[in-house]
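Okay, so chain A shows up in both of these, paired with chain B first and chain C after.
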Partner chain A sequence: MSDARRVRPILRALGASWRAAWMTALAYRANFLADAVVTLFAAGATVLPVLFVFHGQETIAGWTASEALLVTGAFVVLQGLVEAAVEPNLRGLVDDIRFGTLDYVLLRPVDPQLLVSFRRLVPQRLVYSVGGFVILGVAASRLPEPPGLWAISAALTLLGVGAAVMYALWLLVVSTAFWFVRVDNLSYLLTSAMDAARWPIDVFRPVFRVLFSVVVPLGLMTTTPALALRGVLEPTSALSGLGVAVVFCAVSRAVWVRALRHYSSASS
Partner chain B sequence: MNAISARGLTKTYRSPRKAQGLLASLRSLWHREHTVITAVSELDLELAPGETVGFLGPNGAGKTTTLKMLAGLIEPTAGTVRVLGYDSTQRPPELLRRLTLVMGNKQQLLWDLPPSETFELNRALYDVDRARFARIRDELVDLLALGSVIDRPARNLSLGERMKCELAAGLIHEPEVLFLDEPTIGLDVSMQVAVRQFIADWSRRHGATVLLTSHYMDDIAALCSRVVVIDGGRLRYDGALTALAERYAPERAVRIRLARPPVEPVGPLAVVGQELVGQVPAAAVPELLARVMATGEVLEVSVEPQPLEDALRRLFGGAA
Partner chain C sequence: MLRALRAYPALLRIGFAAVVAYRAELVVWILTASMPLIMLGVFDRVADAGPVAGLDHAGVAGYFVAVLIVRQLASTWLVWELNQQIRTGALSAALLRPLHPLVWHSAETLATVPLRVVVLAPLLLPIWLWRPELQLALDPASLLVFTASVVLAWGVNFAVHTAFASLAFWLGQSMGLFQVWFGVWVLFSGYAIPLGAMPEWAQLFAEWAPFRAIIGIPADVLSGRVTLAHAPQLLAVQALWLCAFAALGGALWRRGVRRYEGQGA
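Here is the complex of A and B:
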């Protein structure tokens, strides 16, 4: 089968699912608008801890406030994607397993991982990501040397890589629901760990730096794109980041496929 | 080639076992015991294309587990399954486009949106072209009398309306094999009749192969000439519905109203007011009727087969 013939049904399924998700969100207008406004404020509030920590300090671990805000911006972009697209789906999977409604997903002639991962969308939470891009833009404009096109392209690519790693981590966690059914604690643990990604990886102790580089590669998600915008990213770091992302995606896919074999559905 | 073919189908589960009480709950934190449960055991099943078969059994008999193994949702512990020539455990997209599973107690409708949106979503997922989609949707709306129902949010529909929409959503890709798991559960009598009629019309028009579970014997009697009965995960009967009834409920309920109250019972028929009433073996009915008719005082005769439920109760070893 050609690539186009493989990709077309996926795009069609995603398009139809997101169309339904948008309509569902818009069915409750007041909730949609209120959630969007609150989300925008929440995105803005993420800069406050950075400004507070850097008050009276020129640099911390080699990062200025504006440079640190690049990391915060990248974090907010990814967090918006998590809240809009990743978390609603993967948390929903737990209910689908508990109540057996995963049956209908598995009956579709589309890769179930894809449907499970992306069919739900909370579109108003994408405002958070928009806020993240605004933070990135403002912080980048305050750098001594604003990034060029190459740096911006590299940063956006690395943000995509970070999003892939983040998705893979979530998939690994929720795949365990096929064995344990309830995985609330694991997902809370992941959410809490993710919060560390709002800071440059260099501000942590060495042991955490290793942890956040290899085990839970939070540094790859947010610090690496910020380094690209600063123009100080080593090409080898970018390539190794890409390698880590490929490994995480492959491992999470393998775990998902194995987990699916344990699906026992719910009784009628 | 059979539409559905299963050989030696078996499913066992490991289920956690815990004694009652808080102490046992605490103990189960570090030492959990399991029981192996056999839901389905070495089941053989063949359905010819276009056949409608009733799949019967008491609660927990393994009916739904079997349907889900046939549909490729859960992996058999042992045995083989082929549906339309495909190994359904592999869930190939070519097969999934040609089958459906509708469950009376689970919903696929998008809760906050009208059913028409679920139909549209399924159209995209099953890659049904728009002209074909419009034709099937119109046919479903007509047969199920859905009318304006499909444009109201699913959450505002009655149970019966929702069930009809569930059926329509499951059929929008015109599947050749239908697994229907209690599609009339919880519906009132008139809605049961409507759904039953629809299933009969649809399978006749489209030549679909249907495997239907239901606890309502009227569904089975109206739709299926063949039934498969399982109990405890094992096959107990596979054959004609009429033969099942003859074998396990061979009596007829006979009621004869006479012009005057009878003075004494006639064979197995007891005297109840002005009537003779009783259960009579089917073979003995003509002779018995002839005897009573000979008196010249018969006003009305009613001979009814025993309900199918009685046949099943006997089959499952319940009250005879």
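Here is the complex of A and C:
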């Protein structure tokens, strides 16, 4: 009961700001359409590097081109979600900390983490995720055995898990802003390191997995949905993915709570 | 011109002082150019099935080490800086100085080179330890060709940035357009994929497009895949693109400054 009482206001607040974001985006209809077309092209262009790398190769590390495109599709879906719902919020947080305007968020009677993380939405970027789903669909239809209902629902669940890990990583990076203040470029570093998650994780040798250690959970998050669609996912690795996600979310929450105590507001 | 030359050492010193002051931030920016590392990982696996475009494991490592080096040496942030200066009106103050703003920006860019080299070293060392047989063309003649090639590559890149940044005089903001160029550049410059590994139609496009003048040509020279007899032809290609983009960038800049309406102009 008490939980429900805490959840309902935040859902209402987020619902209101998301509606506002959609209305703003759709108010400029021509701009929205042009943006959507460009974004779809950009999503489609992510197929090219995979086709180029697979030029003259039957398989790489046990993946065919179509199978590797499943990973790329999953990556594009996640990236679209991050750019639409995570990045604008957490980049904004850095400014809020610097200028002390985070006070306005903390004063509200809802959980600040949720409000800070999801109050801004850039609907245009969701089109990129749609492009990712198109890539997933086309690549899945080219598999020797098109995935069944069970595989598809498993893949969608794992994509959701991947989104949670992505969000947790962002929250971890941005929480450091409470100590270092100017970390907006750390988020760009995170974005560029994430590029490794475009490729099936098996492609990289163990040496590289150490190098991209931050990216490894992400690599798993884009690779496991692809494995599910191929129908070769071991239940144990699905479960361990779930475990990683829970750990990441818990750790990022703990760091956030600690970080918030470090906030020296503008007014106190 | 003479005045610019005389002021240049001082400009470099000022630029370097700024680099030292903002070193942590710059190191992070430099590290964001990590894509060649990722592609090294990918192509190292591809090379398991035999050489790609004539590159075996050591060849792939050598190529991407060269790409990492070239990317840092031929890099500039001009389009971001100018876009901001034009939008906020900060360019007005720069135009009042007795020196051309682009001269100032070029010094600012060159002043970051020492830091870029310092950041590169710890990245390249592990690659070299991992693939000790990787080879770069480090004999005096090749190094001479490489120096010329990388200077030309930097020039082409700076001119391209000038052209795109100048569009902001009309559009207010030209970063979106530059991102489109950058996306195509990543694919067809040799930055992510060695040009020889691509399908034929893509290779043909890459050969006639300007992108490889910024990364592919100097990287091929440094990784020892260019014979000295072939080098003059490649340098000429770079020089041609430099002339073309310098003319375009210069024209856009001159016409743009005339209609610049920033604060204080």
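Definition applied: the second predicted complex is superposed on the first by the 241 of 268 C-alpha atoms of A that agree within 3 Å, B and C clash if a C-alpha of one lies under 4 Å from a C-alpha of the other, contacts with A are read in each partner's own complex, and residues count from 1 in each chain.
Keep this in mind: a residue touches a chain if its C-beta (ideal position, glycine included) is under 8 Å from a C-beta of that chain, and two chains touch if they have at least 3 such contacts.
Fair warning: this is a prediction, and the values are worked out from it, not measured in the lab.
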item	value
Chain B versus chain C as contact partner of A:A20, first or second or both or neither	first
Partner chain(s) touched by A:A30 [first = chain B, second = chain C, both, neither]	neither
First (chain B), second (chain C), both or neither touched by A:L149	neither
Partner chain(s) touched by A:A196 [first = chain B, second = chain C, both, neither]	second
First (chain B), second (chain C), both or neither touched by A:L48	second
Which of chain B and chain C A:Q57 touches, first, second, both or neither	second
Contact residues common to both interfaces of chain A (with chain B and with chain C)	none
Chain C residues touching chain A - in the complex, by the definition given at the top	25, 28-29, 31-35, 37-38, 41-46, 49, 52, 126, 130, 183, 187, 192-193, 197-199, 202
Residue ranges of chain A in contact with chain B within the complex	9, 12-13, 15-17, 19-20, 23-24, 27-28, 99-101, 103-104, 106-110, 115, 261, 263-265, 267-268
Chain B residues touching chain A - in the complex, by the definition given at the top	13, 64, 68, 71-75, 91, 93-94, 96-97, 99-101, 103, 105-108, 110, 112-113, 117-118, 120-121, 123-127, 153, 181-182
Chain A residues within the chain C interface of the complex	42, 45, 48-49, 51-53, 55-57, 60-61, 182, 185-186, 188-189, 191-193, 195-196, 199, 203-205, 207-208, 211-212
